[in-house]
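What follows is a set of structures to go through.
Paired with subunit B in one complex and with subunit C in the other, subunit A is shared by the two complexes that follow.
Presenting the complex of A and B:
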């Protein structure tokens, strides 16, 4: 069973990114269990996890939210590539935080970024998925922890 | 400590021996100096006395020479002067003879003999004229010369006669001086010999002590090496605490690894744990350490109340993050002559043991839970269990839907809690009724979490993380129950039935889409369910009552869930609060076996559902008192309530007459659930009671609702 500390590590990694990059912390909404397929947002950063746990963790955010985030970061390039890089950076922060907390127990991949509303996110049968809404300003993204 | 004390004694002994050597040498030198001085004086005296021995003979010779020169009329002036000088020298030297440590008689005797010379020598030495008369015919002795000649001759005769005696007397004095010098020299030799011997002995003693000390130091070094090796190798962290609760100068290397620091010297125990444990745990730990210094504290007793026997600490994981570890602190008092001297602390990392124990406990609990589950299922109808599982899946889907509702503020988060409570309470009631205690306990735990959130201020999404994890665990457990039920069905049906025994898999998305916010739940055999629940409640609470069910076949499918939920809650309330123990009933002149009746009937315009028990009834005053105690209403509001309004308190969320929460009562959710379910269907609920005699609930449901609920 996934432990609360493990879940919190991924959540903290995500909220910390907003705090550091945009000097405005993100809060989390009410977490829930994923039913069926998740309607992902425009950009999704995925990290694969193996070792003690197997599965994926991904952060999916709408373009509008990423645009405001880039603005807060004094960026003026709102291109598709820059959006991808930004989501990748969030996923990278989540990954770094997990490495810091879990050490060698977890093997965490380099993040990959997917776009569109139906990306191919690898999932295993019987894998439970926790959805944690990430609220920042008026926008909302989602962190999905899907680990066996 | 023993080694350093011995070392100090050894040093003192060696210093003492060196001081003794120095003292002996000083004494020997002083005594030797005095003896040498004495010998030097004696030698001088001896030389002088020896030289005196020649004087009598010289005086005699000079007198003879003087007489001969006078006889031959030769010049005598220079001989006369020499004689005078000799006598003068002899006088001076004899009076200067050292008399200390000499026989005074011998010196006095020599002096007396010399004094006898004076009368005969004095006229000779007094002569100062010319002894010759010179004429043309030659020279001759003058009258004074003849007298001088006679005096010289007499003095010569005297000197010749007494010189040997005087010489022998002076020789005796010399011999005495020589003897004294020899004795002093012998003493000096003895003294030097004794001094050398004493110094040698003391040097030997010092050498022996030095060797002993070296041996002790070697032993101490070896012991220190061994201690160091032990402290380096041992897996526990060891250190000593002083009376100021500070760490001493020595600790085992494991402590450095355990705490990731090495600056322990003088570190306060409180600082060691600060930021690693919660503040209240730290305060308890510090209080406990202080208690250890009490003279009256018994070690065994103290050990039994050690709050640090299994301490969860948050430590740096070496990668910039934190990790939880479990440490075990063990304390032993080190007693000295004046009481407790130190407290020896042993710290062990028992993380793996604790985690293993937890895993074991979890495995045991799972095994027990599976056993309980199997036993429960053996007693239950598999189809009923299956229906419950469908019902629970629908309920949990609703729980997840509540969780999914967006929330950002405390109010929005708090709004979820009442709905979660009701849904979970309903599932728990049904699980209890089917004796699926492993499910009921898990739901109960989830209810506890929700109750804790209700009491918390400023709710955030973080507070709901444990809830969603527990929800996931509950769903996993229900999947296990479903699989086991399928196996049981398969066993009962035998090999022929294997193909048809599998039950649909439980997933959150399986239930039908919700109508009016809540999914439709599967149907169960309500009568059997309630009979089973009544038996279990009677057994759990030591009550005896008879359950009479009437008209349950009339319950339309659309109302089955509501009637079931209401009946379960009211039956639990009746068993826990209503029906009295047999003895109480006897005292109150009531039948020992209580009576609970549940009647469902169709009316012209709808349905009526009556629940009646002949228990203790409801006391409006007791209800008001409990509502104030539970902060459901204020004391002023309570005072303003009439009996009818007081009875309505039981439908308020969070209201319960019990102060403690059990599996069957105390949360104040059950009647709230009943009321909401009834009102949700457009029904009404009424309650009548006679304290000490009965409680009756009458629920009326509209006819139209039954059809729409079915649809």
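Presenting the complex of A and C:
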């Protein structure tokens, strides 16, 4: 079962992503245990994890935040496809960076992207899910880590 | 075929491989080398192999986690096709074993995502110097 102290690698990965890719640090809130269903934002990038650990890591963000992130990356295409691409890439980068601490057997999938406010996110019964709140500029997003 | 000479400066043909459109454009836009000509971009390993056959690159930037065929297998096949190819892996996978595995297959450098423009250009400079 995922331990609270293991969340640090995801908090650090999220911090680094916004510092480097968005060139503007985000404020990362205290992680909390998810009870019930999470209210997701417009776009959700989901990474399935297998190997030594199993579960999912997902990054969910509103369209407005992704639009500003794209601007910071000098992108001028704010299409639905580009939003999907970006939210998947953020989830992939943060999950991939976690291998530094979890090791080679922390196997991550290519991202799948869900849209809408009630997407079906795969979750195993009994698995604890932690929510890491992310505040960047005036926007809020969340990283959810749900691992064995 | 090796890198071409143009106006006394060696020219390199670059193939960019990443399943993210945004990352492919970012790499293309951020590289600052007049010696580099981007000859193609691919979204997965299979497409990269096909493009490499057609465009004969000298340098490849290679993502690892991709659909169809992952970067590790693609590196191995590209090197079998052209042993002199220089490959820079650009991936979020940050464990040492993955970097070692990529190098064993024939990669020449490794850059972790997320990266700055400077880190990208430094990594490319090492490969073409």
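Criterion: the second predicted complex is superposed on the first by the 143 of 148 C-alpha atoms of A that agree within 3 Å, B and C clash if a C-alpha of one lies under 4 Å from a C-alpha of the other, contacts with A are read in each partner's own complex, and residues count from 1 in each chain.
Here is the rule we go by: contacts are C-beta pairs under 8 Å (C-beta built on N, C-alpha and C of every residue); 3 or more make two chains touch, one makes a residue touch a chain.
This one's a predicted model, so the numbers in the text were calculated from it and none came from an experiment.
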item: Partner chain(s) touched by A:14 [first = subunit B, second = subunit C, both, neither]; value: neither
item: Which of subunit B and subunit C A:60 touches, first, second, both or neither; value: neither
item: Partner chain in contact with A:4 - subunit B first, subunit C second, else both or neither; value: first
item: Partner chain(s) touched by A:146 [first = subunit B, second = subunit C, both, neither]; value: neither
item: Which superposed partner A:73 touches (first subunit B, second subunit C, both, neither); value: second
item: Contacts of A:30 with subunit B and subunit C, given as first, second, both or neither; value: first
item: Contacts of A:95 with subunit B and subunit C, given as first, second, both or neither; value: second
item: Which of subunit B and subunit C A:108 touches, first, second, both or neither; value: second
item: Contacts on subunit A seen with subunit B and repeated with subunit C across the two complexes; value: 97, 99-100, 103
item: Touching residues (chain side subunit C, partner subunit A) in the complex; value: 19-23, 25-26, 29, 65-67, 91-95, 97-98, 112-116
item: For the subunit A and subunit C complex, residues of the former touching the latter; value: 16-17, 20-21, 70, 73-75, 81-82, 85-86, 88-89, 92-100, 102-104, 106, 108-110
item: Contact footprint of subunit A on subunit B as seen in their complex; value: 317-324, 397, 400, 403-408, 413, 416, 460-462, 464-469, 471-473, 475-476, 508-509
item: Residue ranges of subunit A touching subunit B (in the complex, touch as defined); value: 1-5, 7-8, 11, 27-33, 35-36, 97, 99-101, 103, 128, 130-133, 135, 140
